[in-house]
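Below are structures written as structure tokens.
You will see two complexes here that share chain A, one where it goes with chain B and one where it goes with chain C.
So, the complex of A and B:
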């Protein structure tokens, strides 16, 4: 009989290590969190006249724009999760773990657990910055909690994507090379304008097919509209679908990385 | 801890073990190994000889292409979980997380190895003290020296009190002091705790100093196996190198030593003779030199080294053989 801790305890131990690692590398924590805030500050101030376009859904461009840092932050979380897992592959740390009775699911979920903690901290910071800059929430206090929940779900979904890429590519550099492509999806979405106000047809088309638009619109609906069941369903739906697909693909990849006879 | 099927059999046994990589040579080419319980087995060979591939197979991290092996009485392919529970391993280049402290590494390992919660802290402290890292326990591993990392690596391998320990080139890149400290600990583990140690190395003196038995591997095949003394005895006899006090005596010295075997004059003003009958002839040589009033500056007995063994078995010197 081989001694083994519960799946829950294994996930907890790996998640703790992942979170400690993320918080101790302050540069990796601070600058990725700061970058979306800088964009929020610049665009929120420079593009405030956009709200004068007929049909724009709110008078506060900051309120419209607030969803963007949440999604951008989640994308940074994906890179963090991906590069730290890839580093474990590269350094052989994963081999060390493979020699313990660690389940492959626990390794994957634990690694994502750390990313989840990071995503939660980021979401709280963005929320506080939003409140501090005068953004009000049409859905009230309950909406703020749902916004945090959706934001954490989105962070988790992107973290699973980062984890999948790490397991498939096994290289931190490769993950960082892919990151700009991920960022492009943010700008080819409804991040700066509502889809119905985008004039260029091709852009509107791309933004409509781009799932990132629905993540943004789910978050945004809680800030500027109140309770919009459809927007929330799409926001949660796309993020849960992304997480599910990535986890399903990552599981066999993790099994082969944690190669044991 | 997993219980073996058979406590009487070898702790490690490999039969015709093969590992072939796609588009590559046979890294391990049908090796047979039998390591007894409590033995330190040195697996000696140059870079790329197949040492690490063998360790990866025996520790269940790499499936063999052919052949079979048991570790701790468990089959490496069919009972891999039990094998892993029986072994500790410090693989090549200590794989540590630079951000975590030594204590955090040990606690993580203790949790994942399934130690009861109350035992984890206790075991962590025990191991930190044993490997001399108590003072550095709460420092991040990124700031550790190479020797400290290797000691932590060893402690991590011992967390779950395994019966068999695999050490893959544990002292590569270490300074002599750190190397000696690690040797001492490995010897203690085998002597005091009866642990079986499978140690790969490319250092002759390491294998010579530590191992009860040595297997020499080259290009995936075991080319020699035995105790260091037997291996050395197998390939040749000792030799005596004599340097006379007066250079003029070189001719006479050569004539006298020819009585014990074919002597060879060295470029440094010495004469060397092989002693086919062993070092027992040394006393007689001293008597003959003395009775002929030949004054000697130095007299040295040379035993064959493991390097001589490697040279005899492969036709190459071990140093640089892997290049």
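So, the complex of A and C:
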């Protein structure tokens, strides 16, 4: 039966399982979604004086900070996607699937499909919270749609990273252990201040080489600047590059996982 | 009393031994405060240019006082995780059965938390000094800052142990950690209280941790403020959370 279905249908079936599994574990959904909002609420108010620094690009620190929960949420999506796939490795579900004609690409993309649904829900929640707290979008309604699209692309990119790590490490605990490293990349970026206003030279250098800065700046440009083609190109470019690299590396990893069975 | 000391020593030794020999336990305890120090003191140092920001020793010292006290609180929180893990693995139940004095179990974990934080606190301090932090307080004032850290670690450890003993599962982790994290971040973390505005200013003004952090910063700068209040608040929190932890232990005893 499965052999007669297209890759698209196989991906859909695995994605549906992944999404249902994710939404059944509400605790896993709730805390990852809440945590970025708590930081947004606290830092948005606590750092509001930062807008008095000469050269700061906006008068609303909340508008500046809104990009952060999107990227932080995407990082949580990567952990969810990775943990979920690692659980399938640990419990032997992947081994059982290997006995079916399901294609390895369908297995991988389907798992990421669940993460994509989660990333979309998170992005909508963060957007609504931003609007509710008075953030306005310099790029208008069209910009909001592009912001959602970029946010989902970023979530997908991080989900592919989670998937790759799960296939390589095969342990949920190991995936959880990776999270602090992702968190570090967020804080060592232009998440709290624009790069040109970072005083410590070494930090500015790190933030410049850190791709997370460009994901944030792509999202942020739509909120505080309007249409900035360069920022958007870098935002989409880095997220697509991350997804492509991870998928290319994940494909042989998935094949070797299945061969081992 | 001898039985209490015997149990305390045994549990504390195990706690420290596990911490030191297991990189998965000690590394996050060290990495997190170092990371906050780097991210805040490095990335946000431009904040010292905000008009009316007048902390004399500079922004690195301003953030160090927060990170130092935060690491103390999280030293306690991480011990709560260990207690929860001990219950989940069944070790804590065997410990309850074999201990001639069960209050010594709490004391042992608290002592373990303290020793763990002394390692982390030392590393954070050395890192801040290497980063060029200015210290303007004298020896007595710096001892006061250390005392604040010890009080913070003591209170947070008792809170975390209490929650872990009530719930007895590793899933208690967010409940142990979140209130401490939120309470810490609802204090003046990035700028002095006088520069906060809006709801965060209102909450920070009544947050007991604000007095502790302001006192720590004052001691580091050699201009002590609210020191007595900070110690009284920490002592009060210690007494309340000691009662809470004792009730948690009673709950674990009833559960068998």
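Remarks
Operating definition for what follows: the second predicted complex is superposed on the first by the 256 of 261 C-alpha atoms of A that agree within 3 Å, B and C clash if a C-alpha of one lies under 4 Å from a C-alpha of the other, contacts with A are read in each partner's own complex, and residues count from 1 in each chain.
Assume contacts are C-beta pairs under 8 Å (C-beta built on N, C-alpha and C of every residue); 3 or more make two chains touch, one makes a residue touch a chain.
Since this is a predicted model, take the numbers as computed values, not measurements.
In the superposition on chain A, A:187 makes contact with chain C only, not with chain B.
Legend: residue contacts after superposition of the two complexes on their common chain; A:202 is shown touching chain C, with no touch to chain B.
After overlaying the two complexes on the shared chain, residue contacts for A:20 are found with chain B alone; chain C is out of touch. Using the contact criterion defined above for the overlaid structures, shared-chain residue A:101 touches chain B, although it does not reach chain C. Touch criterion not met for A:136: it reaches neither chain B nor chain C. Look at A:46: by the touch rule set out above, it reaches chain C but stays clear of chain B. Look at A:31: by the touch rule set out above, it reaches chain C but stays clear of chain B.
Of all residues in chain A, those touching chain B in their complex are 1-5, 9-10, 13-14, 16-17, 20-21, 24-25, 88, 91-93, 95-102, 259-261. Within the complex, the chain C residues that touch chain A are 24, 28, 31-32, 35, 38-39, 42-47, 49-51, 171, 174, 182, 185-186, 188-191, 195-200.
Put simply, chain B touches chain A in their complex at residues 1-2, 57, 59-64, 76-77, 80-82, 84-85, 87, 89, 91, 93, 95-97, 99-100, 104, 108-109, 111-115, 140, 156, 160. Across the complex, chain A meets chain C through its residues 27, 31, 38-39, 42-43, 45-50, 52-53, 177, 180, 183-184, 187-188, 192-193, 197-200, 202-203, 207.
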